[in-house]
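Both complexes shown next keep subunit A, but they swap its partner, so subunit B is in the first and subunit C is in the second.
Let's turn to the complex of A and B:
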């Protein structure tokens, strides 16, 4: 004889299933992934994955129960007691309820699954696909200024009557000048979408479902090298591979309207306005 | 791939750090720094880092981005300000400037600086921009002496808003703003602002286009103080404070900024003929999708000074045809088109706000286009939302007001293979879309109708129930100078005809239920036998 308050096998299995399936997959997983990705929405598991996990938990439990005769018996016992009973009146009413409800619940589930529904083909978008090799390792000619550029700048300044003494000061002043010019180019060309605050909220951003990149997002600009940004600015949305849904990207193909120099310069402005420094290219050993 | 686990971890760490620091950044009141030489110098640095591109080195509103913007960046040297709590013609208080800089002027290029500048920084830059207008230093002009009183606000209620509507009519706001508030009260398009540039009367039904905010307390001040530098007058002398609060409540209810959730135009099915007319009550049964539009700023000629920033779309279908109704606000009805005035060559990446294109009535037509992919696919893949691609064309249904005026069918069908190629008009026999538009009270309502399917599946979209069919919109406001690629556009939304429930589903559901019943019967029998053994 079992103790009165001992939970039997059947209910253990039921509770385990509910906790794992609903608690784990339907609540905990979306919460964790929401936190991990920093998204504002709950990220639900794709239906296919959910069905797979459900099947896994189910088979696991099945094997667990059926692999031992004791467990099988312990599991079946309350079921047999309930369904095989022929004397108890209250049990009979409850049994009737269960027997009627079960086909209805299963039927309703089957029916509602079968109603044709519009499933939006939303996939996962890859924000940063690999850039073409020809852009790999390019360096900004306006940030990494050559000695000759600095000397020319120094002599031009001297002619204008504003000489700069040290070459290091001159280099800084030259890059500063390029940055100012780039920021103006940014304000004219990129601001309508990416915004004067580089937060992706320019006045033209409202209508785009794939939002203009927020350059203040720590997961974005700081993670790409400047040549990557140069590729994106040159080729725009249409230059992306299909994993990055080019058909939804409003990012223009700037090589059509800005010269190569302007495209490098506008990046100096973009980084300045965003308040981030470009990521250092990795050293290849 | 450039992205490694390390990046993810550092990103997570940064996010966590930001979350920790956040409360410390909360802007507390009373943080106002003193106004002295040191804070002015700091304000100057902020101005030259953040504001100079628009307001210019001299504060005269002539920064490098200025020519492309309507309204132009403010000339800060003239002491004329729109967002004030002071009487008409007076300087703004410091707090007015601070609020304008913090919240930005919605619907214009002036950003909401509270998103990236601290309260301290915003005060300092306000101190600095005051130095452009010498009157700020003159005690005779001290704005604190001219503050408009708002002593007893009336909280919002339907009742108060209804009273406000009466006052809107009595005070003749509609002479400029139109009976429905859509900014269509003026017959001619000749208004100018105090700086000599053309301007339009505001559409008050667009919450996001109210520069000073769309809360009752914001709106109360706008028409109490007037919007200096524009024809928008002050009503402080003609309306009592109580009347002005009711009016403010009315306008704040009018100025909605609700956007549609979702992205699907759900076409409603109906029996019998589809409505040809936009005013047919049958349209009420179809759900509305509000689709925000932006300027076409993807390719030259880029245009950011659009007048149409939203369309409302709905659709009806029967066994044969589908009809789409598109509704948008446009204060002037333009029904002619002069091709010789179309501009083909542009010097700059963006079209200049004034001077590049003729922004006046009777030059270009009003028009709308619906865009669909030609090839239907199951995955996410689509042609590019801006006119498709060479390998992946789009089908366009273009409605033109001038054609309608001429009494011919007002809709034309085109194909496009990317924005770099001109639209290709389909041959006569392929022209199957019918159009019908009406303009009333500053609003176009246009119906476009076609058969669900046709023979021309190589060039035309085909409608199939149960499918999400991508749809995008282009809109042109002729008197705003719009033509060609100078237009408003949307990216992809979807249109769907709801599929009906197949009869087999009912049958299979019954079979499934019977099978469950059978299993139950077996299990009960089995349990009764087992039970005896226990």
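Let's turn to the complex of A and C:
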């Protein structure tokens, strides 16, 4: 009876590693990323991510091999045969080759990694610097308008001959007005770096190594409350307190150039242009 | 001295002759004396901070507090499952359960004295090194400290009674089990009281905003916003920890055993320890999520610092800890399948479960902000990788942790049914079998139905969302109704003798629902209706929980009394399995250390957040490297002390003569 062809466990593991790591993470994932964001270049994974994933793949393979006596035996079988067969001369020659080549390959790897060369170190950056507690209770006075502000606005519009009937419509119209004012402030002050689409692609963005924030990123504005954004705009990069540093940002200290009202309004414009809502402070369950 | 003698006499009456009988009274006196010192002290004259023999007092308190907490977690966690195992022994009338419960409890007696001694030391240190802080806490909790001391007495007496009366009450199990339950009740009350102090420092209440002085009641201070989330997290965490440390004891005993009978017993003990730990661990991520959300609700600053700010990298390390526990737990389970005749049928599934676990783990520990070189930043066009960045967000984390838990549960089911042949008829088992399936199903199914309908009908204003956001509630509501439908289908198929198909369909839908539908939808909700994200997490969680409950109930019924494929070979485990058990408890200690560092560190330069500032020179946040060194040192000291405590516990045991080796075979699962 013709025997069924079966690859040994050892080679299965080797092939799986090569396919998963090199094929999947080094080729397929960059291709998918390229396609997903419509980029013209391959979007390779950063070295830190590859190192983490490589360690996990090795751990997974180790667990797979060692979690059953049969698999342990099957994995070790070609190794035992290769290193333990003293009769076969061809194997002995190959064994000698491997025993010479292996230290050379490992040594060459260490040498190439350790050789001095010009390379910038990987920086570990935290996403949000620490905001002082005094800011956390603040609410935007131009988004959360008071009844008096709404009534004054209604009276003003009535005087201008454009009366607004209901208080809810008036509130919406007032917030819209503030948003328009904020959007024009955004265009004057923020657009050069953050861009007209608020995607961090302003005309001056290419001048920075660390690009200006992309406000359309789902991991940015939706994760912070509005008072946090207000604090960041107010302090920029150089104005951060010692508790919030070290942190890399080239944003100017806007509280030196914009009034408090303007900074709240510019945020309304920023959220509007980026199409994102501020994170709501949550209630306790 | 006289008071010490009186208390010592009380201990002798309780029957203990362990070293703890002198340590405990000292510890209790330390607690009371410390309290007395502060009440009697002149606040103006006392310095705000002192050093510990000229060393950094913060690190000294950190080490002692962490050791006290680790021992406390073990001492409070073990009685919870010891009593349950004892009850199982009474119900099944199997002697081995009684021996196992006693073996677990034996570990407590020596550990309890160490816990008390560390508690006394911690009290002395806190009152002497941080008098201003302790003065403030005494103002808020004054009477609570004394009540705590009284409960400590109660814990001492119930624990020693529970352990030392084991043989005497052999025929009065009702009394003994009642003592065990009382021990747990008292232990949990102690835990709750101690938690209130730690959580009050994070989320103080009853403060006059003008004077920054405490003007509330003691109950107000206890019932602070983070109290319940931490309570839930710690009770579950103690169970995990207790199970794993007891598993380590069993592993070491297994490795040094010189006969098959002991190896079989300790193999089984290790398995039970791991089973308890994993059963609690699968509930823990949700308790952690609840705690995290409540931290964020109390203070967006603390919330941001935790996951997006100063502690975000520490959080990634913690994620490695949690994922590692799940993977190692599965690894141990798979190693155990070699001792089950019939398990070879299910070996092929392991690679798929492992693949899901590894892929999920990859996503679980991917940060939003990867460490990048300048060249990589330029190449990627910014700080974030265009696609990997999504893995760093909460919806991705929620999706993959649910997938990891579901996979772990699947492993448990494989293990459970590995030894039995075909499923048995449900109809033939009568109404009892139907009840086993229907009761839990109706409870969890009813709750999911209620929650799904609530999502479909609720006014968005309840979550501070305007009416235009109502559409975002539709998908999670419908997904939950779908879950109810699949639960019903699984039950109907079970009653039609197609239980395994029902289980498979419920597994499939749960994975699709929690991981892919609600998981991916989380990104939309986060951007458009962020307050709904926590409800989405609840929807994912209850779907997962329903799958675990219903599929477990079905599994119990369809394999009840099924034909066994051979006796389980307890003791036939490779040595690596025992090292995995030991590694699990080391891993848990390190993870708990990291979690504690984050929870406590979130207060940053505040002793009591926003109320009492830390004005000492140690008010800065330690680096992760420094924290890792301190946590590593604590783990080392803890295990040295645990081994000493276990060695002391062994001294009281009579050594059995070595038995000749024979094939191990004892008991079933």
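By our rule, the second predicted complex is superposed on the first by the 153 of 285 C-alpha atoms of A that agree within 3 Å, B and C clash if a C-alpha of one lies under 4 Å from a C-alpha of the other, contacts with A are read in each partner's own complex, and residues count from 1 in each chain.
Throughout what follows, contacts are C-beta pairs under 8 Å (C-beta built on N, C-alpha and C of every residue); 3 or more make two chains touch, one makes a residue touch a chain.
In this text the structure is predicted, and so the values were computed from the model without any measurement.
In the superposition on chain A, A:48 contacts subunit C only, with no contact to subunit B.
With both structures placed on the common chain, the touch criterion links A:56 to subunit C but leaves subunit B unconnected. In the superposition on chain A, A:238 makes contact with subunit B only, not with subunit C. After overlaying the two complexes on the shared chain, residue contacts for A:89 are found with neither subunit B nor subunit C.
When the shared chain is aligned, no partner comes close enough to touch A:148: not subunit B, not subunit C. Judged by the touch definition given at the top, the superposed model places A:250 against subunit B, while subunit C stays out of reach. Looking at the shared chain after the overlay, A:80 reaches subunit B, while subunit C stays out of its contact range. When the shared chain is aligned, subunit B and subunit C each come close enough to touch A:218. The intersection of subunit A residues touching subunit B with those touching subunit C, taken from the two complexes, comprises 36, 119-123, 128, 130-131, 209-210, 218-219, 223-225, 228. Residues of subunit A that touch subunit B in their complex: 36, 38, 76-77, 79-86, 95, 99, 102-104, 106-107, 110-111, 114-116, 118-123, 128, 130-131, 183-184, 187-189, 191-193, 195-197, 199, 201, 203-210, 216, 218-219, 223-225, 228, 237-238, 242, 245-248, 250, 252-253, 256-258.
Only residues 225, 290, 293-294, 296-301, 304-305, 308-310, 312-313, 327, 330-331, 334-335, 337-338, 344, 347, 350-351, 354-355, 357-358, 361-362, 365-366, 368-390, 392-394, 463-465, 523, 526-531, 534, 574, 576, 604-605, 609-610 of subunit C touch subunit A when the two sit together in their complex.
Of all residues in subunit B, only 1-3, 7, 11-12, 14-15, 18, 50, 53-54, 63-65, 68, 107-109, 111, 113, 115-116, 208, 263-264, 291-295, 297-300, 302, 304, 309, 349-350, 378-386, 389, 466-468, 489-492, 494, 496, 498-502, 505-506, 508-510, 512-514, 516-517, 520, 523-524, 526-532, 534 touch subunit A in the complex they form. Those residues of subunit A that touch subunit C in the shared complex are 29, 32-33, 36-37, 39, 41, 43-49, 52-53, 56-57, 59-60, 63-64, 66-70, 119-133, 135-136, 200, 209-211, 214, 217-219, 222-225, 227-228, 243, 276-277, 279-285.
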